[in-house]
Structure formats: C-alpha cells, structure tokens
C-alpha cells in the first residue's frame, strides 16, 4: 500500500503547477451561466488547449497528453487548487468523449475531439425529457430514417449548457416497435443551430440559464453523427451514465480546494471558540480527504484492470451531499452576508443543491447501492 | 387552558387566507423581485385593511389606530403571509409598529404620532435595523421609512443607504446598509427597551412566516409526488419519498406549538426556540421540496421557487439557529 | 389560545407536588428490571395507591381521582420533576385499563383495576410472536373453546415485565377459519402462574430481563377473562395500540425532567465555551418544550371532543428519536465516564434505544404519517 | 502510488480472518464478560502466533521479537479483530508494545527488554493509560501488566487499581483507575515522546477495530433483512431499509481509506480523521443494526449484541469524536 507518487508523476505535477501559476486569471471569470462568462470560459479552454492541458488523458493526436488516471487526478488537484475557472467543456470531455473512445469511429474522434478540447465547439447533453427524469428508458423523442440520415423530433429538457452551446448529444427512439422500452434507441450528435431546433433557456433557482429545453422538429442528422450501431443507444448511454456518475464528474481536487477555502473562511470569519462551527469545518476537511483517498483506491483498482461499477453510486451520493454540507457551513460562517447574491459562496451553494438530483437522483443511487452492492431484493422501479 | 386558536383567531387567519388566495401573490412576488413594488404594496394595503398591522400597535393610543398588542393573532396572520409567500418588509413593518408603539407606551410619543397611523393603515411600509439584528435593512428601496436603532440607543430615520441595494439569493429581497446618520427621532434607554421588544416581535413573526413557508412547500410537494409518475407509478408511493415527507410534516407540526407559545408569552427564550424550530423546519422543507421535485424544482419557472428561495434567508433573519440556541440557554442559565 | 391553568388545576398541582415532596424516596430505587427492584417498585405503587395517586384519571370507585387530561398531564409533570420512580404498573394502567374502560364489563373493571393500581397485580403485555413483530395480523397463538372458557397454546415474545409480573393480556386466534387474518382474534387476560405457562426471561442489551418469552400449553382462561366479544380482538387491540402510541405512553413530564437533568449535567460537566455541546443541550430543551406544547394542543383537542388518530404517529416518532438524542448528548458530556454501567445515564440510554422499535417501529409510523396524514399512496405492507 | 493492500497484506488479513472464523470468538467474548479470561487469552496467544503483536515492535531490537513497525499490516489485522469481535485489551497491548519499543529506540531499553518479548509472543496481555487518553485502564484485571504514563512523563508499572474494576455498558470491557503509584520504570521527555506515539497507534488501531465492528454489524444486518419477512415479504425489500443500509455501507467505505492512510502516514491529524470517521460509522452501523433487527436485536441473546455493545465505547475510546475534530483542525491551523 502506497500513497506516494513516482518522480515522473511529481515532475508532471510540477509542470502543471507552474503552467497554472503562470496562466490562471488573477480574478475569477464571470459566471459561465451568462453569455459574457460563457465566452470568457470558452477562451480559457482555448488557452488550456494551446498548451495541451484541456484534456490531459486523451491521446496526443487529439490534443491530449495521454496521461494515466494517476496523473489525471494529480492534474485535477493542481487545477482546482490553483483556483482555475470551471470547465465549460466539461459535458463534452467527461460525457461524450468517453463514449466516442469506446463506441465512436476513428473519423468521429478525429472530427469531434480537437474542437471539443479547444472550446471551439461546446457540447450540451440532451438526455432527459419532460416525462423521463430518473426513468430514462421511457424516452419518447424519436429519430426517423431519411435519406443519408435521420430526422429528430420531440422535446428534451434539463440540457445543461444548451443556452449557449453549439452541439448536443443524446439518445432517440428509432424503433418504436421494439418489444422493450430499452430497445430501439439510438445515440446521436446534432447541431443546436440546425434548422428545426428551438432552444429555450431555463432559469436556474438563481435565474441563470444553466440549462434549456430543446424543441426538435425534423432536425436532420447525417449518418456520420450516429455513434455506434442504431438501436444500441441504451447500452452506449449507460456506459456514459456510468462515467457521469463515477470518477470523471467530480474530481477530488474540487473538494480539496473547496475545503481549503472553507478553512480559510473559518479562520477569517469564524470564532475560534465556536466548536459547533469548528466541528463542521473539521468534517469538511475530513470529508474531502476521505473522498480523495476513496478515489485513489478506486483509481488504483482501475489501474490494476478492475472495472468500477456500482461503487460509483457510493461516490455520487457522497460528493453530492458533502458538497451541500460544505456550502451550508460556509453560509453559516458568513452570517448576515450569507444571502448576498454576489457573495463568493452564493452561486456555488446554488450549484451544489443540484448535486443530489442530477446524474441519477440520490434515491436511485441508494437503491443501486442496496441492490447491487448489498444484494438486497429489487424494489418496484 | 385551551392551547388552540379560538374561533375568532381561526376566523381571522381564514379571512387572511381567503384574501391571499384571491390575490395572485406569486405574480406580486415576481414583480417585486423585478423592482416593481406596485402589486406588493397594493397587497399590503389590502392586508392592512383586515387590521393586520394594527395588531402590533398598542390600542392604548386609540387615536393612532392600534388594536393590540395581539401577538397571537399577528403570529397566526404571519403564518398565512408565509404560506402565501407575501413579499416585502412585512415583518419589519410590524416590528417598526411595535417599536414606535412601545416607545409611546414608555412615554416617548412623538415618533409614534408621526409614523404609526400610516403604518397601521397600510399606507406605508417600513424597514429597520436593531441592535442584536443584522446590519442590513430589508427592502429599504420599497419602504417609506427606514428606522435604525444604534447600540447606544439612538433611533433615527435613515436616509438613503450606502451604495445601492444588494441582491439577495432570494430575488424578492433586497438588502441595504442604512447610513449611520439620518434624522434623530429619540434616544436613550427607552429606545433600547423598545428595540428589545421589537426584536422579539421580529423574531416571532419571522418564525411564524417560516412555518407558513414550510407548510406551502410541503403542500406543493405532496401534490406533486401524487401526480408525478416514474417507473410507472406515482413517486409518492416510494417509501423513501413518503418518509422524507413524513419527516417534513413532523418538524413543522412540532414547530407550530412553539410559535404559538412564543406568541402567547413573548419571553425571549421561547421566541428563540420558536425561531430555531420553525426556521430549520422550513429550510428542511425547502430541501425536501427541491429534491422531490427534481430538476423542475431547481428552476425559477415553477412558483415553487418563490418559497424555496425564501426559506434560507428567513431561517437566518432576525436570529440564526446558532444565535437562537444561545438565547435558549442564555436565559435558562442558573 | 391559553396556556394558563385555572386556580383549581393549580391547587391540584400544589397538592400533588406536596405529596410527592413528602413521599418520593430520597435515593433511586434499584432497577425495576431486577427482582429486588421490581419488589421495591411494587411497594411504591402501593404507596401511591394508598393516597390515590396511582391512576389519577380513573374514577374514584377504582382508586383514582377522576381527573381530566389537563390534570393528568400536570400530575405527570410533577411526578417526573420530583424524580419519582418509574412505574412498574405502566403496562396495565396505560394499555389494559383503557381497554377495560372501553370494552370490559363492570365486573372486570371492579375485579381488575384496584389491584392493578395498588401494584398487587402487575400486568405484562403479550402481543408479539416470533414471526409477528410489526405485522400483528399474522398472529398464530390460539385459544380453543373448552367448557366455560378457552385453552391458550402457542408462543408470545417481547412480553415487557413478564419476567416478574403476575398476569398478562393479549390477543389469540380463536377462529382459524376466518377469511382474513385480522378476523377471528380474541382479547384475553391470563395468569402467568397458571398451569401450562412457562416464562423464559430474555436479557436486554444490558443483561436485565426487561421482557420474556411465554410458552403456553393449554392454559385455561375462564370466559370471565375474555374482554369484549370473541372474534373482536383485533379491533379492541387496535384501540389499545392507539393508546400505546399516543398520549398515554410517554408523558411530556418525563422529557421535561430529562431535559432538566441534562441541563444540570451540562452546567456541571460541560465546557461553557463548547458551543457544539451547548447546541445539543439547547435542542434537548427546545425539544422537550415542543413535545410538551404539542401534547397540550392535542389534549385541548381531546378535551374539546376530537379524537386523536394518526397524529399519535407523529408523537411516537418524535419522542423516541428525541429520547435517544438526549441520552447520547448526556453520554458525550460525560466523556470517559459515559460507558460506566452504573452511571446515572447508562440504563436510561439503553432504555431509550428501544423507543424506535416498540409500539410500532418508526418505519411503520412514518408510513402511517405519509399515508394517513399526507394522503400518499399506500405501499406494499 | 498503489493505494490498495498488497498481496502480502491481503494474505495476512485473510490468514487472521480464517483463524478467527475457526475460533468461536463469540463464546470467548461471553466468557470474558463473565470474568473467565481463559478462552480470550488462548485466542490472543493464537493471534500472536501469526506475528500480529510483533508488528507493533521495532525490528531493530531483533532480540526482542519485533517485526515492525508495520502499522498498515497491524491496522488491517485490527479490522479483522473488530470484525470478529475479539475481546480484551488488544489495542492496549499493541500500544504498550509501541510504547516500550519506541522508548528503546529513543535509548531507554530497560523496560523493553523486560516486557516486550512476552507481549510480542502473546504470552501476556497489557493495558495502559496515557496522557491525552482517558483515566481508565481497560481490562486491567485480565492483563499481566498495567502501564501508566503521567502527564509529567513518569512511566510506571501500576499495582492493583483503586477499588474493583468497574462494569462498562459492554460487559466484555472492565475499567479501572490505575493507582498513581506502582513501580517506576522510566521518566522524562523520552517517555512523553514515546507516549505520544503510542497514543497515535492506540487511536489508529481503535479506528481499525471500529471499521471491522461496523462491517460485522452491516453484514449481519444484511443477512437478517434478507430472511426476515413481515407483511409477506423480506423486510430487505422495503426502500427505507435499503436506504438505511446503503448509508451504513457508504459511511464504512469512506472511513476505510482514511484508516489506511492514517496507518501509512501516522500523522496525528490523519489518525484523528480516521478515528472520527470509523468510530461514527461503526456507531451508526450499530444503531441501524439494532433498528432493523427490531426487538430481537435488543436482546443479549443474539450474538449481534456483542458488536452492538462494543460500538459506542470504541467510538469514544482513545479519542472521542469531539477530541478528534479538534485534533484535525488543530494541526492544520495556519
């Protein structure tokens, strides 16, 4: 058992740290849920990509550095510790890219990945539909065969980033006659500016258009933008969902950095005699470390060739509830300033509140933990 | 001993509820958040027509319109205000009425004569800061008067705040830091005594408002989980959903009698206990409502958001949980 | 709305307080879960009964004072505030007696109630069976008709107090052919010393025989000891269960006294600067007051002629979880002394741990709250 | 970087588990609680045969039998001890070995030479009190040696405790307050330094033991809810039951890597973090196990009770949650 990094990894860390120290903007970019902020974050992606820091784990041919999971985690640690901006390209990099690596064609990878990494094309996800939140198999949006491609019609919702993004990916029903709801679905990429697409931004609790509804009316998608075989969309999407729930969505570096900021806030604002506050700050510090270590253990298993399966549900429940508790502690430390919308903790707090809902609600995740990790009987679902 | 609202008290609450149900409050809240205070002011004026604000003012000064102090009736009324989501400095206006009325009772009648009739009649809204409260005045841009009481006991009518108003995480709230100067109205220990009373009322009425906010959140969520289906069944049939809503009801139902008792006795520790319990219950109700609505609850489009965003600021306003816990034991020491 | 007591009630309180001040033993009696303690508690019941304080709400003819619910709650407040002993007759007084008042005959009341109040006869409950905990309708112990009475056979368990008690009450299957499991059950009283009864005490977590298993082999019960009509046992028992879950089991006086003791412990042992401990003590104080006030409101509704129904499930969940939190706080304040078995808080802590289990588990209670108070769909049960 | 037990480490834990599975530990626990230390001592001696206790002692003093210090192996071993419910002052014996070994490393070899070989060989159990730990020595009546370290740095071999041993809420634990006198063994800053190290080890190994206790409680409860039926269905199918067990697993699985990292680094804040997380996870597992077993879980008859009763004392032993939280932030200040 070993928690130390080899000298090459330490060198990689030093390189990343130096680059970040030289390039991270001095003051935070505007919120990426605004048009202005979106553009600023897009520019930041280009900066990252220019020096191959945008998607370090990708092969060099697509603009990455081909690093292993250990280095990827080290990079994330450095990235968030440096106070670098949120990643506007995250949906593409952590949801679509792994799907392309597993199921896409070489042509698709070559065409899609480099502009994804550079921020030239920002991707939105298009999973949910109004009547299909947790119950993804009940999707109704359809893709109908036409010459050289498909025509998409229907409605998608909770499409993160879609208010300002360029393209989207999701699954559509291509065979309504398939005997089971999981069958007859196809994984597609499409252009958000294509004829027939209407994007209606939806305001989050704080009013920012963090997601959108997509109305699709015979939107043409060429065959080249089908990922994998038609009809295999469910299986392919589930592997993406696994990614979303697992390691790649919330790297420990984010929480280590957040816990560090909370500790700084506590030292600045907290009454050192207030043990009630102290206990909550201590829990945040311990939680970030636990999440980091849990991830190192998982990464070690992954590196040893094991697959990470239902354990990612433990991961999801932990970080999402941890994140809220951390931000609530910060608000309590701030006292009357907590409710100021422009405060440094207000937007991250609102953001944290979505954690237990998206990427599979925590109720579903706990069902999965109980059924797949503990072997308890399946409930009605 | 009959620890239940009297028939008259229930009737009063029912009257308010009827008025509010007919008043399209959500539209007024959204307008308020967009800077249009018209519908909110009109609503307040209709509420004042029921005598609501007069309940905070001492009837001993009959010429000033006071019908009170009737804290139980006022608290029951503020539960309704919370349930309906009424925007604006309503707690603050009532607390200002208490401050002025109490000051008059202690012999300092000038400020009451000048301001109280307008407040009682619902013609004007007021806001205020008090020693022991936070530094921000709520919705000073919408209030006719902004009162400040300094720690040394100076009551002033504050001028414009320093800088523009600040946005809250609840768009229907705007905060400003009143300038320390402004027109002096009174000073001395009587002001401090009146301010302590006003603070207790502000805390009590915020607790009542929290209770109503929590009730509205619970009711909306119960409605939603009965009709929303996933996996072929209403999600309200899932035991995890049921238990979470059961816990929400539990917290609200045990906060309610604390609010009643605080209104009856107005002793600081009971007021603090009521605020603690109601504030935490309402915030927990908001977190439950959000989770069980899922993504749609996370948007500003659903009216639910109007209550969701209110829950946390109200939990902290006029006494955070920590401050209330301290007050509970502080008084009971020895 | 009014929280003050009329002068007559205040006078009643003063009388109770004076009597208790004069009679409550100076030092605690030995644990009532021991033979020695059981005898001491029985003697205490006799002392209470001699001055008609054992069952104040009963009519005078059975040894009570016929007081209303307001005075009963006042008495309980005084009783626990005075540090008076736990009530070994509680099962009889709070579970069997209300059943006899509602469903028993005058002869049964005259015969059973006075010795119950005096502690001469201590009653145990005999509800659960090994395979029927939460699912009471699945009971299998049976009563078979015989000349002038019934023969009981089967097994009961978790019979509180049965290790040292005299008699027991419960429901038995008298009509195995009844179409539904709730039907064909009969409510009976029987002698724990009768031929055919074997009592096997069961040690609680702390080793004390707080309950027992009862093995019944053709135990004769005369018709005179059937309560209500044969076959009506389920309906009658449900009204008793309602009592058990509701007001009568845990009076607010117990928690007010416990919160008072906790505050005293905090002042004696706690670090006043330790706000984490302070917050938990404050929560205990607030919780006791909330429970008291909730009960006064319920009592007011009851006095006004309303029935208390599913609300008693709110009551049960609240006090049982409150009680554990209070005792855990005390243990944390005690530090290394917390684990001493002879400490003043150890046995009450162990006792508190049973709260969420007995009288309907809290899982069942939350189902009831959701279904009956909030109108949510019935689950599988 | 490979943050997983090595093959050897896993094999060692598996060996211990096999030995314990074959050892009827529950019967030894019940005997221990009844004052019969024979089966427990025999068990300890078999465990020592695997080299367990030697892992705590520095191999630099080869003649004393030390194989360590190997805190990772020892911690993995103590997870197994916790899972099996091994009774007695096992953490204390290991901590005493650390104390003596560390003292020898610092140049004070006398006590190590005298006591360490017996401890390492499993011939004797030891108990101890340390500055920063509680005032009670565990199972002094069963231990061959009771060491005390005073705040001033005096190491003594204590005589009989003051008064008889005191019963714990866990019958398999007996506490006594060592007499402050006894035979002096060493004194000075080296003793204090060694005691600090021993305290960290005691805390680490208690955390590991907690993790094992929690695992055993979870495993028993999962087994039980699969076979116990009510309302015609296994209670493990109810969502409330499933979610509670999911939370139990979650807490244990996130405590585990903290225990590993604490063993790797032995820095005080990480040891405190591990103890905090593992202690709370084990106690929560106990409360879950109790609730989901229902009445039968509340009896001493089920072997489950052996673990249930252990969880709370272990949560507090060698560092309560509050003390651990303080230690976490204390070290990280600045």
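By written order: A, B, C and D. Residues from 1 in each chain.
We adopt the following convention: a contact is a pair of C-beta atoms (placed from the backbone, for glycine too) under 8 Å apart; a residue touches a chain by one contact, two chains touch by 3 or more.
On a predicted model such as this, the values are computed, not experimentally measured, just so you know.
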Pair joined by the larger number of C-beta contacts - A-D, A-B: A-D
Identity of the chain that, by mean CA position, is farthest from chain A: C
Where chain A and chain B are represented by their mean Cα positions, the distance between them in whole Å: 39
Between chain B and chain D, centroid-to-centroid distance (C-alpha), Å: 52
Shared interface positions of chain A, touching two or more other chains: 274-279, 363, 366, 380
For chain B, residues that touch 2 or more chains besides their own: 233, 237-241, 243, 322
Partner chain A, residues of chain D touching it in the complex: 1-6, 9, 72, 222, 225-226, 233-234, 236-239, 241-243, 245-247, 249-250, 253-258, 260-261, 263-265, 270, 273, 276-277, 322, 324-326, 328-329, 332-333
Touching residues on chain A, where the partner in the complex is chain B: 128, 133-135, 138, 157-158, 202-207, 211, 274, 276-277, 331-332, 335-336, 338-342, 346, 349-350, 353-354, 356-358, 361-363, 366, 380-381
Contacting residues of chain B [partner chain D, same complex]: 238-240, 243
Complex contacts: residues of chain D adjacent to chain C: 134-136, 166-171, 173, 175, 230-231, 233, 238, 240-241, 287, 290-291, 294-295, 297-301, 305, 308-309, 312-313, 316, 320-322
Touching residues (chain side chain C, partner chain B) in the complex: 1-6, 9, 70, 263, 267, 275, 278-279, 281-283, 285-287, 289-291, 293-294, 296-297, 299-301, 303-304, 311, 314, 317-318, 363, 366-367, 369-371, 373-379
